[in-house]
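Only one structure is covered here, and it is reproduced in the block below.
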Amino acid sequence: MTANNPLLKVNNAGIRFGGLKAVSDVNLELKQGELVGLIGPNGAGKTTFFNLLTGVYVPTEGSIELDGDKLNGLAPYKITKKGISRTFQNIRLFNELSVLDNVKVAYHSLAKHSIMSSIFRLPKHFSEEKYMEEKAIEFLKIFNLDNVLHEKAKNLPYGQQRRLEIARALAANPKLLLLDEPAAGMNPQETEELMNLIALIRKKFDLTILLIEHDMLLVMGVCERIYVLDHGQLIADGTPEQIRNNPKVIEAYLGEEVS
Amino acid sequence: MEFLQQLVNGVSLGSIYALIALGYTMVYGIVKLINFAHGDVFMVGAFIGFYSITILDLGFFPSLLISMVTCAILGVLIERIAYKPLRNATRIAALITAIGVSLLIEYGMIYVRGAQPEAYPGNLIPATSIDFLGVKVSSQSLLILGTSLVLMILLQFIVHKTKIGKAMRAVSHDMDAARLMGINVNNTISATFAIGSALAGAAGVAFGMYYTKIEPLMGIIPGLKAFVAAVLGGIGIIPGAMVGGLLLGVIESLVSAAGFSLWRDGVAFVVLILILIFRPAGLFGKNVREKV
Amino acid sequence: MNILKGAKGFWSSIVLAVVFGIVMQFLITGEIINFFYVNTLYFIGINIILAASLHLIIGITGQFSIGHAGFLAVGAYASAIITMKLELPFSLGLLAGGVAAAIAGLIIGIPTLRLKGDYLAIATLGFGEIVRIIFLNIEYVGGASGMTVTQLTTWPWLFGSILLTLLVIRNFTNSTHGRACISVRENEIAADAMGINTTYYKVIAFAIGAFFAGVAGALYAHNFFIIQPTNFGFLKSFDILIFVVLGGLGSLSGAVLSAILLTIVSTYLQSYPELRMIIYSLVLIIMMLYRPQGIMGTRELTSFFKFGKSGKGGVNDDSKQPVA
């Protein structure tokens, strides 16, 4: 990929549910390695936009390209394989599975053994499963989750669940990571740890990150650029400084708290 | 003329399906539960009607009324004892419980009175028939059709013009918001079960009149078909259940008329699978998505 | 190390099972256990296969299918046609039963598995009924009066089928493919977002489950002298469902245990069929009210023995061994 081409290119994308335009005319570009925030008042369409990017919803207008590949209309799992991975606003872990297995599920596309080789326990099954397991354990060390490998995901404290969800998303080996309100429900100390973690993984995995966040401190603190969505349309973009002083943004947030 | 005749038969049968389907759809609309036991409430209604006609020596309308009241009570009991504790449980747990309740009523009935069928007395109303454009419409058919129509109009009135109807609509729309608005959710759900079960009871008596033979496992197939009717119309939508029931009755009669009477029971399920695949929200429904 | 250990545990459990099978064979041929018990044993065996096959669909993949008797019927009739009409060997009948049911599983699974929860349940129930009505209307297989079938089910065939069923389902579950299925059960949207082709795995689980239900159907048909459409009604589907629910959704050993337990109970209640159904239904209701996760929850028998001794297999028992 050349330095000039954006990693993610969204052209006039939008979706309507019946007559209602939930998101429309969104134009957005992310360069390789950027950390960009997406903010907006409640109901502005931020999560809907994530759902468009990840294929949960199919855009009714416009196009979405990752690395020059068109993503419109692809099933979510195919988009994940192309290199977009995400976390969810309301944590969606595989609750009954262990921490380790949660990550292994994300490694599923790496596995080269067929169903038949698993059923008949051919050597390939053992070697591949072992490879996945070791890789997952190594990986979880980065997130300080290697001491709870065999704990069921549902039994983890809230902060660790958030961390595991990010770890799992990263294990799918994305070029672009989408974080949907990663700091929701966290106390200031946990939020700070989270900010450090985001900075760390970004460097370590050479990632591009787009994050939705309500915590302005976090957004302004870590993001290089910010897009503002209101009533399903982008109303502003720019550096944190520019956004802070943008009259349109202030208007959109009027009545909402800007902390 | 054969075609018209079958159409008339289909409408009579369909109105019975519609009465049962209403209970399914109302309950599903409000607690999102497929009340498998509903077909068995219908069966109990048929037996209550039978006993009040033969043992208490009552006429059609008093028997109908007794059957409806008893079924209403039964419906509320089922809801309070089996379903209410599960309101926050998984859908699968609720569905399994409903299946359990259904089996319990069926085999409880067999245990109490045996599995032998009973024959509804045929002399309850004068057995005349009206010739209309060469189509024979029996007095039974007319009575069933009339009763169903009156009950459906009554239901529309209750749902749209009374306070409890308003509460039912509110709870089915958003249970938590309704609770915050001071609506007694538990009573509203009970009322829904009571009304739905009363309609099933009426359907039971009508079924007995029409087919004359009743037995403890009679609720299974009509119950399933009524559920199909509810899905066909769009589950949770009251006019949908009425139309779905009538439509299913007509389709079945036409299939019989075309000489495939052995396949009649299968048709409903084919309709079900087709509608689920191509229009899962039903004829009257809107598609809704899971929130991500 | 891990590879060797896993493989060793796997083979030793098979050897143990085979020894058990041979001992049983001697007990049966030596007429040490009487006919009544042998008959019950066959019943249990067929029900174990049915329970395990439905467990894969409901317990592991979370697809609430309540028309399992439909697959049983397809397997029973397909195998009976092979052995009775075409006069081919029983082994082919078994295979044909499984394959026919798996194909039925694909035909019904591909369109309906897009549906969720209640709707899927009702669609599968409808499918079960359609199958029954189809056989009712085919004169070739005897219509309502059914089809007479020679008794060909023997202990080695039955035991081999049980072993194969349990091994395949356990091995499938304890692999990345099984984890993919579990992730669908746990959270379909997240599974999709993690790159799992959810439709594919739902259909696969459905087809494998249907295959073994078909094998059970073949064993069933060749054990009862006659098969009729009424044997495969919707109460039969509920019988199988009860095994899985009672044992614990997600636990293979739970499903097997409750299949054994309930078959024994219902054998003793044979002369009081309505009492049996009343007890069944009460157990179901009370279970859902007080212990909705079933007897075992998602745990496996092996998790009670630390040294992972046997082959029944849990979700995690391979991966829980420490990495050397």
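We just call them A, B and C in the order they show up, numbering each chain from 1.
Quick note on the criterion: contacts are C-beta pairs under 8 Å (C-beta built on N, C-alpha and C of every residue); 3 or more make two chains touch, one makes a residue touch a chain.
Model, not experiment: these values are computed from the prediction.
Peer 1: With centres defined by CA atoms only, which chain is the most remote from chain B?
Peer 2: If we average the C-alpha coordinates per chain, A ends up farthest from chain B.
Peer 1: Which chain is most central here if centres come from C-alpha coordinates alone?
Peer 2: C
Peer 1: How far is the middle of chain A from the middle of chain B, if each middle is the mean of its Cα atoms, in Å?
Peer 2: About 47 Å separates the centre of chain A from that of chain B.
Peer 1: Just curious, how far off is chain C from chain A if you go by their C-alpha centres, in Å?
Peer 2: Roughly 39 Å, centre to centre.
Peer 1: Give, as an integer number of Å, the spacing between the C-alpha centres of chain C and chain B.
Peer 2: A distance of 34 Å separates the two centres.
Peer 1: What are the residue numbers in chain A that touch two or more other chains?
Peer 2: In chain A, 56, 88 touch at least two other chains.
Peer 1: Any chance you could list the residues of chain C touching two or more other chains?
Peer 2: Residue numbers touching two or more other chains: 189.
Peer 1: In chain B, what residues contact two or more other chains?
Peer 2: 292
Peer 1: If you look only at chain B, which of its residues touch chain C in the complex?
Peer 2: 32, 34, 82, 85-86, 89-97, 99-104, 106-108, 110-111, 115, 220, 224, 227-228, 231, 262-263, 265-266, 268-270, 272-273, 276-277, 280, 290, 292
Peer 1: List the residues on chain C that touch chain A in their complex, please.
Peer 2: Where chain C meets chain A, its residues are 2-3, 6-7, 10, 167-168, 171-172, 174-180, 182-183, 185-187, 189-198, 204, 250, 298, 315-316, 318-320, 323.
Peer 1: For the complex, give me every residue of chain C touching chain B.
Peer 2: Residues 64, 66, 111-112, 114-119, 121-123, 125-127, 129-130, 133-134, 136-137, 189, 234, 238, 241, 245, 249, 274-275, 277-278, 280-285, 288-289, 292 of chain C touch chain B in their complex.
Peer 1: How about chain A: which of its residues touch chain C in the complex?
Peer 2: Interface residues on chain A, with respect to chain C: 54, 56, 75-77, 80-81, 85-86, 88, 92-98, 100-101, 104-109, 111, 113, 115, 118-121, 123, 125-130, 132-134, 137, 150, 168-169, 172.
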